[in-house]
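What follows is a set of structures to go through.
Next come two complexes, and both contain subunit A; in the first it sits with subunit B, in the second with subunit C.
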Partner chain A sequence: MASLAAAQVQEVRSITRIERIGAHSHIRGLGLDDALEPRAVSQGMVGQKMARKAAGVVLQMIREGKIAGRAVLLAGQPGTGKTAIAMGLAQALGPDTPFTSMAGSEIYSLEMSKTEALTQAIRKSIGIRIKEESEIIEGEVVEVIVERAAGGGGARTGRLTLKTTDMETNYDMGTKMIDSLLKEKVQAGDVITIDKATGKINKLGRSFARARDYDATGQQARFVQCPEGELQKRKEVVHTVTLHEVDVINSRTHGFLALFSGDTGEIKSEVREQISGKLQEWREEGKAEMIPGVLFIDEAHMLDIECFSFLNRALESETAPVVMMATNRGITRIRGTDYRSPHGIPLDLLDRMIIVPTAPYTHQELREILNIRCEEEDCQMSADALTVLTRVATETSLRYAIQLITTASLVAKRRKAAEVSMEDVKKVYSLFLDEHRSEQFLKEYQDEFMFNDAAGDAPQLMEVTQ
Partner chain B sequence: MDNQTKVLKYLISIEKLAEEIITDKREIVLLDKRRNQNREALRDINKACQTKCWVTVGSVLVKHNLSDTVALLEADQKQLNIDINKLRSNLKIKVNDLRDLEMQPPVPGSMLVPLSDKESEGLSNVGLFST
Partner chain C sequence: MKRKTSPIDSTGSGVSTILYKISSLTEEISPNIDSGLCTKKIIIPGNHVEQAMAYKNSIWYKSLLNAEKTCLKEDQIKKIHYKFEDGNEMVEEYNADTRVLLRRAWKVKGKIGGEGKWLVEIGDPIPDAVTNTDALDIKESKDQPVLLKRNTKINIEWRIRNLPYPIETYSIKANDEEKHIVISTSNKKYYKKLEVPELVRVGLPIEQSKINATHQFNTLIITYNKPQTLIEMEKEWYQELNKIKPMKDIPNECKTQ
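Moving on to the complex of A and B:
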């Protein structure tokens, strides 16, 4: 059954893969070796060695739980792999460490206040680990005997024989257990667990030894191994949940379903305080462990001064995640003020941060990245086409060149060619303008457009406005 | 030469610990087997209407008083429960020690104190625990 489920999951994945391919879908990790030295090309990462090494050090610190309440800033020009490094870090952290990714502008579009959105994001990035323990009886049913007392209607008695590969034993059952056994339709050959505390019966499946009992089986028939070892086991399950999940569940107005719809609304601060208090209690009793995760804010310059000062304060808290920000701005105005500051981030917050710079890619690295993207998009490209594409990437931008991959492969498909040739790339290059050529074109034919502004100061308008 | 003895020492320590873990697991199975047999015996004594019963001590059969037998069995059950729990708790420490020797991080959350029944029931009722 497990393999069947896995196969289904695989299928679902491959379907989504055909539908869409994300810009960073090729990233599978940071591409570091055990000594944190970056490999030249690994796990979808190319070049940017210093930044990757720095991210590796940060990763190590997160794993050891040392860097909670700090912030990391990834700064660099557009298209130098800031988001890729954050994604790689998330992948390298593994599924057990919470990683929340949000764009700076997201906080303006949610139906809640800015600080609420930030608080939720912060609490989504803190995990708690708790353990559930139960005594269960697990075994394969050898025999179920139910006897009705004479005279009808009277008390019934029953006997259940269970076995594992190592032992076999009988259990006498009362009316209640018989009822729940009958309700679950337990019969000889089933593998079941019985919770000792609650008496809940759980059917795991049928034993492999009984696989040939019938010729036709229902679709639900699931075969499992006969359990090993002792009959009465202690089952321990470790759960990792985020603080935000606990918040949502305990906020009575929403309930659990809000987690799936994403429509959580605002959560009262009293609820949060109660939960933090309970968590503190659990930690003191050794019942819970906190896992500080990572909150990644892309386009951090879009946050305004209120958010920055809120973050500044939030980082002081004992339960703070590692906040990672990425920005592509130089010295610019801080949103919400008239002051200018490096990266558009106030100096007091900047002071708390470790700044990791990313540098533009070299020619060779660009070629490598384009090659990886071609593989990711299932696109065969000839060597000279790749050379042309690399030149395009150096002269215009990496993003533009990556977009040309998809379009060029479509052109090649129209030609019914298996491989994208240089001509295909040249054709799409002439069909689709890059930012520079588009700007040139606009300058030339400005008069013929509507609402033209003769000053032509489009680049200045790019700066963050109120 | 020095290196070789070091490696040998290291391997011996790993093997020793692993062997201990396997023995402990085996021990738990044997103890649980006895626990279940005792439980069956206690149940049968309850149903029986004689005043005496046969008890095996090693390979000798002894005819024994019923009430004394029940007391014996119950004491044995108690001791078995204590032993099994002790073995289980030590097993966790040993497994983590072994992982430490093998340069692997300890199993996450294995050393946590479990939530009380009420707490875990509450949390699973609201659907926080999916399994």
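Moving on to the complex of A and C:
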């Protein structure tokens, strides 16, 4: 039992380590009801009703999985929730649907060509559900021991004892396995299966033998028999892999090692064709099922003309995912050309897209968002402080106002107050400049900065060059 | 035809899939052989020649004959690579002096492709060229029982190391219906179903009387006396293998495998 307590202490620690608060970690879905109507405030989403409703329709289209290669463009000013909607969509789709998120500038790598990077991203967004015989460990947990090697930060080692009615075996676990065991809250008396190849843990329920420990079980605990016979069995399990993973496994002799090191390099088109052919075969025979997912390209205006024309073609393929792009640009130059076009995207591609606009938030919505962020960042804020913060958000930007939440809460903590007051917000407002005030400041003291030769052409240099 | 699959050994049991492909084939025809044998036995009781010929009709023996074979002789070890008509690959290693099979391994490929890996049916496991600790994040502790299968001229032999319990603990039973030998322990610490593909392939029964077990130095050794038919088949097959010319020039990279 002592070991169990140790595991639980470990658990608290590891969760604070894993889950950091990101810019969109308050988003848990699109905030739609069953009829795909947007709720005013739900799942971390506020306002933007039309855009969310549109995303809900797209969600339905993806779930049905029949339509391949549609493109959706989320267009709107900075800080109007484009990425939030995409993240919400990913959450609403669930973990089984592949969702690849990338920034437009990610394709510019020295290791592979732009089109290769795009192809990989596209194929990462297509999943295959395939039945395969796999080695499964199935048994009742006798003991879980997690130890940290001497000296803080040392590698953790784990030991898991499993039994069936006929045998008992000890297993050594690595870090990843320990993490997933703790995440699943596996404890002595649980009957679990572990896929030996993928490390996936499945909790079947509590063992009947443990039915007396009422305090250790929740209400919804399911009781199952302790398995019989051998601990390791071969069973048919359903694996979900992405097309890209299949590509990598087949592209080299030591393919799957490359998957772990991340060094995949370019994949020959013959390999891809072969796999697409095989996939077609499997689907006809009913051996595999295709799960079209979503490729989300943020900052899509950073793609250049070659990428756009490549996408034009790629979207026509049967195995194309739904491509979602987001941009905050208006009419601007298409990268790699001298032509100007709405959103920096060529007209022929725009013509293939459905465009979802996002509009700036209202005062009330901003307040609601800031309130959600305060909760997410674990910060108590007084009503008047929130009012001030909302005004800051309307006058400067939502992002800047969000930045002030944790900073203000730190200031409040320093004066040992439980709640963030208006003064704290004012203090951090004066400590940290927003973009507009910073510009003002620069204009005022321009002459005293270095390399200052009467600006004017500098912004043009900032434009991307090709 | 349906039957519980169970691993051959604790490390790699993917081989059972392939074993079944072949064993199920033999099973289809084995009743015919059996009945054929029975009638013949009545006419000429205990005729060894007739019995010995039975394996030649088994699908297994035929598939061995039809397989594309490559031979490689390295020191005193003769390595044979088989490529069967159904695409499966197998490797056998013989001691050229004693003519005993040292190792037999099957190539197991995943459904989604890739190189696949060798799963050992008989002999010591092949050590990994690259140890990949990431892939296998869970494995048996070092002090847990390890099963090894060995082959001698007259016996099939299983060695289970790290089993400290005295000999009375174990009960070893042949289960001919499900075609395996079951090892269980009275203290419920160890349980294993051993497959005997050698017998299943040529349609021979698993007999309790042929099983012997000893326990020494934390190791449980289970031996199964090979039936005469099997011994003769192996002898004859080795003769057959002598017809294959060993490869002369071996590229350097091939030496490791």
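In this text, the second predicted complex is superposed on the first by the 328 of 466 C-alpha atoms of A that agree within 3 Å, B and C clash if a C-alpha of one lies under 4 Å from a C-alpha of the other, contacts with A are read in each partner's own complex, and residues count from 1 in each chain.
In this section, a contact is a pair of C-beta atoms (placed from the backbone, for glycine too) under 8 Å apart; a residue touches a chain by one contact, two chains touch by 3 or more.
Not measured: the values here are computed from a predicted model.
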With the two complexes superposed on chain A, say which partner A:D172 touches: subunit B (first), subunit C (second), both, or neither.
both
Pick one for A:D96: touches subunit B only (first), subunit C only (second), both, or neither.
first
Using the superposition described at the top, determine whether subunit B or subunit C touches more residues of subunit A.
C
Which of the two partners, first being subunit B and second being subunit C, lies in contact with A:V238: first, second, both, or neither?
first
For A:E135, is the partner it touches subunit B (first), subunit C (second), both, or none of the two (neither)?
second
Classify the contacts of A:V246 with the two partner chains as first (subunit B alone), second (subunit C alone), both, or neither.
both
Just checking: does A:G286 make contact with subunit B only, subunit C only, both, or neither of them? Give me first, second, both or neither.
first
With both complexes overlaid on chain A, does A:I275 touch subunit B (first), subunit C (second), both or neither?
second
So in the superposed three-chain picture, is A:L160 touching just subunit B, just subunit C, both, or none of them (first/second/both/neither)?
second
Considering only the touch criterion stated at the top, classify A:I194 as touching first (subunit B), second (subunit C), both, or neither.
second
Overlap of the subunit B and subunit C footprints on subunit A, residue-wise?
130, 132-133, 166-167, 169-170, 172, 197, 229-230, 232, 234, 241, 245-246, 249, 255-256, 287
As the complex stands, subunit A meets subunit C at residues 128, 130, 132-133, 135, 137, 159-160, 163-177, 194, 196-197, 199, 229-230, 232-234, 241, 245-246, 249-250, 253-257, 260, 275, 278, 287
Report the residues of subunit C in contact with subunit A in the complex, numbered from low to high.
5-7, 10, 13-14, 16-17, 110-115, 130, 132-145, 184-185, 188-193
In their shared complex, subunit A is touched by residues of subunit B numbered 25, 28-29, 31-33, 35-37, 39-40, 43, 88, 108-115, 117, 120, 123-124, 126-129, 131
Residue set of subunit A touching subunit B in the complex reads 96, 129-134, 166-167, 169-170, 172, 197, 229-232, 234, 236-241, 245-246, 249, 255-256, 285-289
